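These notes open a run of structures that come right after.
First chain A sits with chain B, and in the next complex the same chain sits with chain C.
== the complex of A and B ==
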């Protein structure tokens, strides 16, 4: 980015609420069913039907509002947003316009240099999703209305975001919150979480906002950063060339790594919003808010703080462990079986996360229970096995569905931690290698590694390394001093 | 005239209606006379009256989040002029226009 410019970014995030049924009818919201099978006269937009609001949609939206420090508006109403598109059979989308369910909130992101930054939220409103059009199949467009009427919340930020990285962090935070709340699965590939960005640039010090453009179709964190970056540079290049920025909507093309104009100002939207006469106002009073608050789980930030204090682990660890609720649950259930929280944290962050990230699975599908992982850690701590052997046992636990205890006893790999047994092994090795013993006594102390190697070879790595080192050193120095 | 020909043309376009010059003239006149008539209401002082959106005072009319019965795909497609066995078919829409 050119140094004398700054970017001003606002995000509109759509999150699909994970209710069983649609917003205004009792059809299923399940993804990937036979096309046009989760439909009824209401979501097909047949004349004369009446929508009835799903109560859970209100509760989920209010939960999100509470989690992002919003006001939950006591009075909110629905509006019709009119536009024609084949995947919107009514000819309008039911949305909220002037009186949304939540407004004036904020959330906090932690930037790369560990600074906390507050991004304000202008509003959160309820709306319904449209269906799905398939354009690339022959001469006609195919329309599937299964998704039509699925409840969404749209979370609109203030233009407080200053860089593509901040945009990505903000969205990651939203994803974390909706997943902690359990109100949206946060799956960007399947479109459960979608994001549009409003971007403008201006010279630093300038008071007036530049002309903004809107970018759509960014379906991954990487694409969001790339698309916004591309747009900032495009706008600055135009200004540097003395040209104007057209107010327009752009579609991000991830294959070509560039944005393409979708429509320009002349065709600007004219949605002719008006109150939806088929739906009554929603009144969320204090009593209801109190009831919704009882469903509020401990969120990531609070849990992170608690992990630091309760388990005495570094903030770095706590942040990684609490990033996903399911991972935090995994760690926390493990703490019931050990007091070595730091080792547990290391194993979860390095070994467990390594595997679930590599294999792109969820912690819920991870084959080793946290109880069994903890047992393995306890075997290291009580000297039964070394850390090195533990890694091998861990790999077997992954594939064999056996506990550490079973593997250790079946393979007879528990460590030799018996002092007299180790002493005997050392004596035998000294007898086998008198030349090396003499060289050691004559000052070649590096040979201690040679003896450790030989003993490990002979015991198949089972000698307790710490104990072995200790005894070996004692023996050698007593030989030397005699 | 309470409404101009251009405004009528615009509203017609938004409603996907194709109007002839003659229809345009007629609608401009008719709509204007209706709007003029409605203008009468503005003679009343309503500055102390809240706008009434809902004639009945109902609020919080909800349903539980419980699955009901959807219609069969075959029935859902029954009224469609163009379809295949699973999808509605519409003339090709290339440029996306959705929110």
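== the complex of A and C ==
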């Protein structure tokens, strides 16, 4: 029965901007400091304080707008969103309401069956973050206001998203863009990237939108897919039972794998928005927007295209390499030290990514520099070591903080690539195993593996495998022909 | 010994010559404050510090290293922050609250060696026209102790009027400097919106609030304004306009043309005030002033627009007094909402609650367009009225108040009549223009009568120079 329905999903994404100071005061935005240490009279909301806009916040927001094909509005207005909560010292949040900084944009996602899909963006507006209520101290609720006043942008999509998978892809795309722009670290666990979803369902073919619900508190990509999926099925089940969907806000409970009602429509706050009298409207002109455009870095899509052309690597590789800016930087700095871009790509995609994904570290904390990795690749290419040995050297590089060159020379593991030396080793093996030589000549050609194995055993794997194969084949076939 | 100077310039020269001792002067003020304790003008007096301060500044004067306001003894309305001093806004909600930083305007006074003698009483959160809405009690009018001093800066006006300090800072959101100045018979200036930084002024209505001085002379208003004005990085709405040495009064204006709006002389205006002002106009007409009749057609909407917009802003500005982080918190509560409700019910007085409710209502979904948006449009129209008039005239002259100081308790249960007391003063705040109260005499009961002069935005120099000229004539 689920197949008869379609889901209509819109996402509201909050990205914490990585400015040095808060949106409206000069406090630091550093995460994880002692509670209530990054505060001042302004962000504490003391009587008589006034907000002063951090201009970097406008720049960062405009960058995001430009990266998502939005109009940058030359006139935007701050508004107060009024509600009472312990982590909101002023009793209102400074936000933008009717006149946001950016509007009418879009971004493109690539779906699982490799189709490009455009998701429209309704608006991007600036606001300040609230503090954090901490409930784990007995019956008391404690409030940490370090986060209070940290700048956020809220990116509101049109309801163009049709499935939990698309929602996740859209959010991944946003995360990729903010990280490429360097305006947000995109860390969902720490809450620097947050997402709420508006979900409704309707029978395929119907024109009228169903009643929508809002889901909050989905703090990972996995949870977003699960929560939206849960909500779609919950709504369809209700409709199939002939019941109504209540407009409400739900909280996703990741431990129980289900959503729980937070408040109904009747309990919803009336935020009493009105223009913030302490701040003038933000006015930007064409020249300013042009200046911001010059700060725009190369984004993932453009970089992917360039990698394909410049380094002649497959689109598949380029996509993976450019998914994260830091990984693309790693690859690209390696290209200064080798011309074998495809091998470099393979090593980065398989070995390097394998380790950072396994150990959940960032490429910035990866112990092998791209220059040292390239040196290792070059040792394979010039025949100094085999690919198999290279993997062992790579493992040692991870732990020993040594270069490939140091490890190879210390362990004396450079390959035997000398033809006459290899010929002599082969002759000795033939002498040791005359029976097998005879069998080979009689047609049991797969015995070539046997010889390779024996030689590798004897040379502790140092024989250049390609060369060995060549010489061995030549020798055997000449024996056969005689 | 009662001060023997008529303005700060004279005081400073006497301090320099040694004719006047600053320590004696400050001691005199302290004694006089004590003697007039019944007036309720001061919420807090800084007895200990001011004498020490007087010594330091006396030395600076001796060494010639003193600032412009050296030795000027100033009271500060208790809505302005001074670090480590109480800032109560005359409210129970902040009765035990000490500010953790100093307001820009106050800091500028201190930097010029003024002596801050204490915090003056006012209506709670500057909401009121009689200074009867105060957790510290009603301020009495020094001219007649059965009458109000006016509000909301009643303590500042009465303190200057009673000779308890040389000058005082007040705030004016709809007449809160000019009206009590008029009731108490002193000079009071509301500068252009943005002229003086609001940083450290506890907000009532952010787009209306202005800080300004009370004094016994135009000279002193001028020098204080000169010190406290200017762009402040901490207040985005503060203006980047040049600050003049107003006190020089040396800029010559062509024959001053003054507009008299007919809407300000209609029903409700006390006949004695009307006659008094008309007489002044006639006196001035004989000198170098030209008077023309003007019209400010949207005047009848000012009170309505004013009370919608200021209460809307106030409802949001006062949300922070919720008992979570500072100020009063109720003793017992069952839940977060319960704490908010009890804390705010106990902490705020009747008038403040009335305005929070009104402001919350006009911003509510479904009412915003009918009230808030419409009032914003009216504000625009009122500003346009003034813009048009100022194309033709230099200044506007009106009564400051429709009546002289009324009896204590006379209007406290009738908010609408109380609000109408601001009928001539609120328009300047809606338009963001400067205005001054000039005392022009007394009525038959011996109560001061005030005349208001209004100028276009940032034309304080013209306003003060003319006030000084008028002062010399009458």
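To be clear about the criterion, the second predicted complex is superposed on the first by the 481 of 482 C-alpha atoms of A that agree within 3 Å, B and C clash if a C-alpha of one lies under 4 Å from a C-alpha of the other, contacts with A are read in each partner's own complex, and residues count from 1 in each chain.
The rule is simple: contacts are C-beta pairs under 8 Å (C-beta built on N, C-alpha and C of every residue); 3 or more make two chains touch, one makes a residue touch a chain.
Since the model is a prediction, treat every value here as computed from it, not as a measurement.
Looking at the shared chain after the overlay, A:302 reaches neither chain B nor chain C.
Residue contacts after overlaying the shared chain place A:361 against neither chain B nor chain C. Within the superposed three-chain arrangement, the count of touched residues of chain A is higher for B, of the candidates chain B and chain C.
Within the superposed three-chain model, A:21 lies in touch with chain B and out of touch with chain C [touch as defined at top].
By the touch criterion defined above, A:280 reaches both chain B and chain C. When the shared chain is aligned, chain C comes close enough to touch A:48, but chain B does not.
Of the two partner chains, chain C is the only one touched by A:80; chain B is not.
In the superposition on chain A, contact of A:209 is made with neither chain B nor chain C.
Residue contacts after overlaying the shared chain place A:272 against chain B and chain C alike. Of the two partner chains placed around the shared chain by superposition, chain B and chain C are both touched by A:143.
Comparing the two complexes, residues 41, 44, 52-53, 82, 84, 86, 141, 143, 270, 272, 277, 279-280 of chain A contact chain B in one case and chain C in the other.
Here chain B touches chain A in the complex through residues 10, 14, 16, 53-54, 58-73, 76-77, 82, 84, 86-99, going by the rule given at the top. Within the complex formed with chain A, the chain C residues making contact are 79-81, 87, 89, 94, 97, 99-101, 103, 198-203, 205-207, 233-237, 312-313, 315-316, 318-320, 322, 324-326, 336, 340, 360, 363-365, 368, 372.
Partner chain C is touched in their complex by these residues of chain A: 41, 44-53, 80, 82, 84, 86, 89-92, 141, 143, 270, 272-274, 277-280.
The touching residues of chain A, counted against chain B in their complex, run 19-21, 25-28, 34-41, 44, 52-58, 77, 81-88, 93, 130, 133-135, 139-145, 251, 262-263, 269-270, 272, 275, 277, 279-283.
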